[in-house]
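The block underneath contains the structure these notes are about, expressed in structure tokens.
In order of appearance the chains are A, B, C, D and E, and numbering begins at 1 in each one.
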Amino acid sequence: MKYLALYNYWIVVIIMMAGFYIMIARHNLVKKIIGLGLFQTGIFYFYVSLGKVDGGTAPIFVESLEAQATVYSNPLPHVLILTAIVVGVATMAMGLALIVRIYEKYDSIEEDEIKAIERQHWQENNGEFGISLTAPPTASS
Amino acid sequence: MTEQLVIMVLLSFLVVIAFGIILLKDLLVAVILSGIYSLTAAAIFVVMDAVDVAFTEAAVGAGVSTIFLLGALTLTRRQQKQQKHNNYFALLVVTLTGALLIYGTLDLPGYGDGQSIANQHPQLAQHFLQKSEDEIGIPNVVTSVLASYRGYDTLGETVVVFTAAIGVLSLLGLRRRKREEDPELDAKRQCRQQNEEV
Amino acid sequence: MNPLLALLPPLAAIPFILFFGERHKNLRELSIFIAGFVLLAINISIYQDYLEHQNVTSGSLNIFQGLTLELYAEPIGILFALLASFLWVVTTLYSIGYMRGHHERYQTRFYICFAVAIASVMAAAYAGNLLTLFIAYEAITLSTYPLVTHEGTEQAKRAGRIYLGLLMGGSIALLLPAIIAIWWLTGTLDFVAGGIIPADLMNPMWMTVLLALIVFGTGKAALMPFHSWLPNAMVAPTPVSALLHAVAVVKTGVFLILKVIVYIFGFNTLQQTGAASSLVTVAAITILLSSMIAMTKDNLKARLAYSTISQLAYIVLAALLANSVAVKGAGLHIITHAFGKITLFFCAGAIMVALHKKMISEFDGIGKQMPYTMAAFFIAALSIIGLPPLAGVWSKLAISEGAMVANEIWVVGVLMLSSLLNIAYLLPIPIRAFFAKSSEPNQATEIREAPLTCLMAIAITMLGCLVFFFWPGPVLGLLALVR
Amino acid sequence: MVKGLQQHHRVLQVISKLFIPLILLFAFYVQFHGDFGPGGGFQAGVIFASAFILHGLIFGEGRTRLVMPPYVLRFLMSFGVLLYAGTGLVSIMMGGNYLDHSVLSEDALHGQHWGIFAVELGVGFTVTAVMITLFYCFSSTRP
Amino acid sequence: MLSAHLPAFIIVLPLMAGPLCVISRHSFISWLIALLINIVVVFMSVAIFFQVSDEGVIRYALGGWAAPTGIEYYIDTLNATLLVLITIISLCTLVYSLPAVDREVAKHRHYLFYTGWMLCLTGLLGIVITGDAFNVFVFLEISSLSMYMLIALGSERRQALMASFRYLMMGSIGASFILIGIGFLYAATGTLNMIGLAESIPNVSDSRTVLVAFSFITLGLLIKAAVFPVYSWLPNAYQYAPTAVTAFLAGTVTKVSLYIFLRFFFQMFGSDYSFGKLLLGEVLLPLSVIGFFVMSLVAVFQTDIRRILAYSSIAQVGYIMAAMSMATHEGVAAAVVHIINHAFVKAALFVAVGCILYRLGNAQVTSMGNLIRLMPWTTSAFIVAGLSLIGVPLTAGFVSKWNLVNAAIDIGWWSIVAMVLISSLLAIVYIGKVIEAFYFQSASEEVSNGNRAIKDPPLMMLIPLWTLIIISVYIGINGSVVVDIANVAAQQLLNGFGVSLETVNTVVTGSSK
């Protein structure tokens, strides 16, 4: 019976790990971002599951329910997860913007292709890899 | 028990979607799937009594995130390249991490256990549920905690969103449209100018 | 007088050197002279102070956890400081002629680094505890690095790398852990008469390891197998080789070993545990081996470098014998060898400036072209070999005596053998110069001496060799105060 | 994508014009009813933004910019953060700790109400502005 | 009265500076706003530091809700010191950034740059000051997101984008792991407050939940601190970010992660649990030793100075980790000392490299020829800081290394002593390589062509550079400043939180609600 109660957690772990796998194994950058989303959603379930109380209701006081002795679910994980969701979407937006710029510069969103381009670039420059493309310091003012 | 069954079914559904995302090469489909995934997630959150979370997940995960992902896809490409071989190292890492996590769950209080320390902590969970009405006076405990008890976290959260906007602005910028792209828009601008002159 | 003052003149000269630069060479070098004389005066007054009060110290600066920086005058240090500051003046005199005659570049940088090195040597000489000495030691390494690589050629850069690698590497990898271990064991790094490590503190084997860490970690003492930086460093301009690599730098190394043996371990501890005896063998091997290598070298400066290694090993050996007689010999040898070797280097430099010759095989007949130089060379060589009436004899005698006291008779044999080897690699040079037929007959009769300032410097140091034979009293008197 | 919608989907345009006010209204409801039911500044902000995003998708982002110009958004998102952080500073001025809403009014409960209202409004402003800005950024970039 | 609220102001002011910069939208004005706020914050952090050393630990209840119900700040000697450290480094690099950013970032993005900077500062200070485990995560994300953005602003070179993306991926994995860990901790104890956690963990220390929480937090922090096997985000990020950002990043970001390490493992979990029961030391020690050894070796073979310094940074993190894994008072103190010293030294080095880049346009060792004469002030600053990295006496690095070696000897780890010293030798090699190039390399073509004015950078860049150098040399000469602080901090860390929730040594707590 105890393990039945943990079944939820285990599925959540599988979901998290699916996301994690996409993040580290897939070369496609957009896929990585989607994977990050899956991973984080998994964490959200985990938190929210912690706060669930059997037979409870959402932690909003309603007059009609107040009369009966109502059990409420724990609101704290919900609050934490609201914050985490926002963090997640912020990270995702940032990542996608980076991907768009990377595609502009490399014409690819596959990590291994980009690595190959970098390597080629290195070889073409005969080791002068780090030569700066920043504005040349002409007549500094 | 029905509740538990619903959750189990939905979670299993999520697993299927997650594996679909791993395997599919078409990024557009993957994005749509992740949208569905978020919507399902929102449903699960409702069943788990986390209505605020569900609301947010539906709005953000299924809504805004999907739009951003679609936007990024239109700006890049739709197909994922075929990967030549499976990444066994990644599989190993993931398996180990997952095994560690499952090992950790063994001592967790069972799902829905109202007596767990997390749900019974007198200064946190129980304090919010029992005293927030007297201390804050609003019915939605989540809002009380969010905006008052842990208002500082929410300030941080707002700053995170703000940072993301700054970051994307600095990366992509707001580029001006060229006029000829949208003649209708041009007409409107002129119209507006005329109005101002009048 | 506060020993801290001894650091000031060389440092104070730097702004002047910079200010005058290449445009006012004479003023630049004048300022160095003034600094040199002031420094000498300060050192003499510290010496006199010491004779009166025997307690000359600067305040101490606490770094952390009881680690302090402190300057403190004691006999060996005073002797060393006097020696270095006197020879600085002489060397400056010499380098005016040499650097100009040789048209060296970046003379300003040269003089600045030189001044910093001298200031560091002063700090080392008056170091009041092992940490201060270590810091000064590192400062000397760093400030002389630009001097070694002065020419900027590929060879100079390579030499610089070896120099920095062996000296700094050795000091950080071996010396520093030894210092930390001493601090950890005894809770202090102060130089205390009679030493701070009691004989029963640890197993004699560990004591030997600790001592070996210090002796080998002090790369400047050039004990084999940590010697190879010294011949390499000879790419530096000759005044550098002369003052730094025959006197100041290398002597700082042996000075550190001497101080550690006298004031950290103490004679009693070493005599009781016998921790030093195996290292004496290493020093003896170094003496003989480097003398033999010296014979194979055709480049004069390289030959002198190996000779220096051998002579430094004398001092290390004397220190390791761990008795007051031998230590007196070590102190004396610091002085006598300094005067002898610097003269030899000066001569080598003079030959380079005047005739552009570096190889001994090219020296045939140059005695007629440079009679004064070669005469001085001859005298200094005799002093190094240890023949009366020259100063070298006293120090060799004292070391032999110390060996007898320590009951290590075989060391005397080593010294004898080494003297023979000295004769074998040093004397052929003046003989060749004076008696061999020149290969360039038409120039053979023309006198082409080095610049006057060079000759003056050579004369002064050569006289030193003589003076200390007849008048070693003050030095011996000072060394007798070592407790 | 945008252009296609513009030219051929009159139906969508008409329907969205009907819907956008409703969405905005709902956003206001979520914003101000967050104390009593689910929702709050963040959710309201996203919904509010989604109305503009819908407008942008259907009528073209350029035209949305006329309605909601970027400089307004830039100000709005900054203002939201400042409002939130400023509420806390006001608490300090009134003698409480940072973000202690109960000192904002004579009565602690009223103070909490005011504080939460201001704070949620700040979140709402910022989130609305940020989401619309992000949409602009992505849609104004040309592949 | 306001002095009681300093802990709140020190976070809120830089936080509000961000939006203000956005509203101003002007490159110089936004810099000015950032600068002014930063100066104020420096003074505040110093004031807090003295408050802490005079009156003891400060606890500040945010929202007036006494912990653990609400969130609180918990400030003791360790994080008060880190506040000072971060604000000073931020100030120095911010001053430096005005001319540097002008060159490296497009004009219309300057205001975004300074906004990001202020937000990053907020994030770092927020992490350091807080006493709430979940709050750490929130502010970690603020600092990380702004860091991704700041790195990507070096995007005149496309590698910066990829570097930023990799950092984003690694950073998100790290943050997610930390989030999982905090979740497990919450499940096991029901609280999020660090003191509350410290009190509850001994009761549940046998629980597998806490074990897993511990492992995930460790993994997450290892990634964030760029410890040996999971450092891969760092070299590219350091190399391609705008130079001012690199200096700021190198001085602070990994240090803050290490701070969380100290706070969590010594104080929250308690060293008995982390090191006694779970043998964290046995795991960390090999990683850190291999880390500092291998990374020093890798640094030797790099050709770009920034890359040399980046690998050296990973090596230095290894030293700090090694010191921590001793889990003794001396070890922890040595770690704190090195955190402080290395922050100043590395920031100075990166600022110096930035100055060279500013004039020369690249940072390849091969093009450093003749710089000692052309840019004497910059190169000599680099040399002084480089010597500190090696650990030459009278520099800050020596104080660090002395403490580290001494701590190792104290528990008889002679092999560690040897490894530390050998890797110091490698430091001689990689720093020596650069110094040798300064001196002896013949001038590169661009320089000798003379069509570029290669000389010392403007004073705006030199002054912060030399401020950092002087601080590090001062620490080297008067090391007891840092060592004393570190000893107090180590004592506080090893004593646990020392105060139970009832006997709060509070400056400002919640009202009587």
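FYI, a contact is a pair of C-beta atoms (placed from the backbone, for glycine too) under 8 Å apart; a residue touches a chain by one contact, two chains touch by 3 or more.
Which chain is which protein? Per UniProt: A = Na+/H+ antiporter subunit C; B, C, D, E = Cation:proton antiporter.
What you see is a predicted model, and the numbers here were worked out from it, not measured in a lab.
Colleague: Touching both subunit A (Na+/H+ antiporter subunit C) and subunit E (Cation:proton antiporter): give me those chains, sorted by label.
Modeller: In this structure, the chains that contact subunit E (Cation:proton antiporter) and also subunit A (Na+/H+ antiporter subunit C) are B, D.
Colleague: Find the two chains joined by the most C-beta pairs in contact, please.
Modeller: Greatest count of contact pairs is found between chains A-B.
Colleague: Taking each chain's centre as the mean of its C-alpha atoms, give the chain farthest from subunit C (Cation:proton antiporter).
Modeller: For subunit C (Cation:proton antiporter), the chain whose C-alpha mean is farthest off is D.
Colleague: Measuring centre to centre with CA averages, how many angstrom lie between subunit A (Na+/H+ antiporter subunit C) and subunit B (Cation:proton antiporter)?
Modeller: 9
Colleague: I'd like to verify one number: the distance from the centre of subunit A (Na+/H+ antiporter subunit C) to the centre of subunit D (Cation:proton antiporter), where each centre is the average of its C-alpha atoms, in whole angstrom.
Modeller: Centre-to-centre distance between subunit A (Na+/H+ antiporter subunit C) and subunit D (Cation:proton antiporter): 23 Å.
Colleague: Centroid from C-alpha atoms only, then distance subunit C (Cation:proton antiporter) to subunit D (Cation:proton antiporter), rounded to Å. What do you get?
Modeller: It comes to 79 Å between the two C-alpha centres.
Colleague: Based only on mean CA positions, could you tell me how far subunit A (Na+/H+ antiporter subunit C) sits from subunit C (Cation:proton antiporter) in angstrom?
Modeller: Those two chain centres are 66 Å apart.
Colleague: So which stretches of subunit D (Cation:proton antiporter) touch two or more other chains?
Modeller: Expected reply: 36-38, 42, 77-78, 81, 85, 88, 98-99, 101-102, 108, 134, 137-138, 141.
Colleague: Where does subunit A (Na+/H+ antiporter subunit C) touch two or more other chains at once, residue-wise?
Modeller: 16, 20, 24, 50, 58, 60, 76-77, 80, 82-83, 86-87, 90-91, 93-94, 96-101
Colleague: Multi-chain contacts in subunit C (Cation:proton antiporter): which residues touch at least two other chains?
Modeller: In subunit C (Cation:proton antiporter), nothing touches at least two other chains.
Colleague: Which two-chain combinations qualify as touching?
Modeller: Pairwise, the chains that meet the contact rule are A-B, A-D, A-E, B-D, B-E, C-E, D-E.
Colleague: Under the definition above, what is the set of subunit D (Cation:proton antiporter) residues touching subunit B (Cation:proton antiporter) in their complex?
Modeller: Against subunit B (Cation:proton antiporter), the touching part of subunit D (Cation:proton antiporter) is residues 1, 6, 30, 34-40, 42-43, 46-47, 49-50, 53, 60-63, 66, 70, 77-78, 80-81, 84-85, 88, 98-99, 101-102, 108-109, 112-113, 115-116, 119-120, 122-123, 126-127, 129-131, 133-143.
Colleague: If you look only at subunit C (Cation:proton antiporter), which of its residues touch subunit E (Cation:proton antiporter) in the complex?
Modeller: 61-65, 67, 131, 134-135, 138, 142, 146, 149, 152, 156-157, 160-161, 164-165, 168-169, 172-173, 176-177, 180-181, 183-184
Colleague: Enumerate the contact residues on subunit A (Na+/H+ antiporter subunit C) facing subunit D (Cation:proton antiporter) in the complex.
Modeller: 58, 60, 82, 86, 93, 96-97, 100
Colleague: Where on subunit D (Cation:proton antiporter) is subunit A (Na+/H+ antiporter subunit C) touching in the complex?
Modeller: That would be residues 36-38, 42, 134, 137-138, 141 of subunit D (Cation:proton antiporter).
Colleague: Given the complex with subunit D (Cation:proton antiporter), which residues does subunit E (Cation:proton antiporter) contribute to the contact?
Modeller: Where subunit E (Cation:proton antiporter) meets subunit D (Cation:proton antiporter), its residues are 2, 5, 8, 12, 15-16, 18-20, 22-23, 25, 60-64, 508, 510-511, 513.
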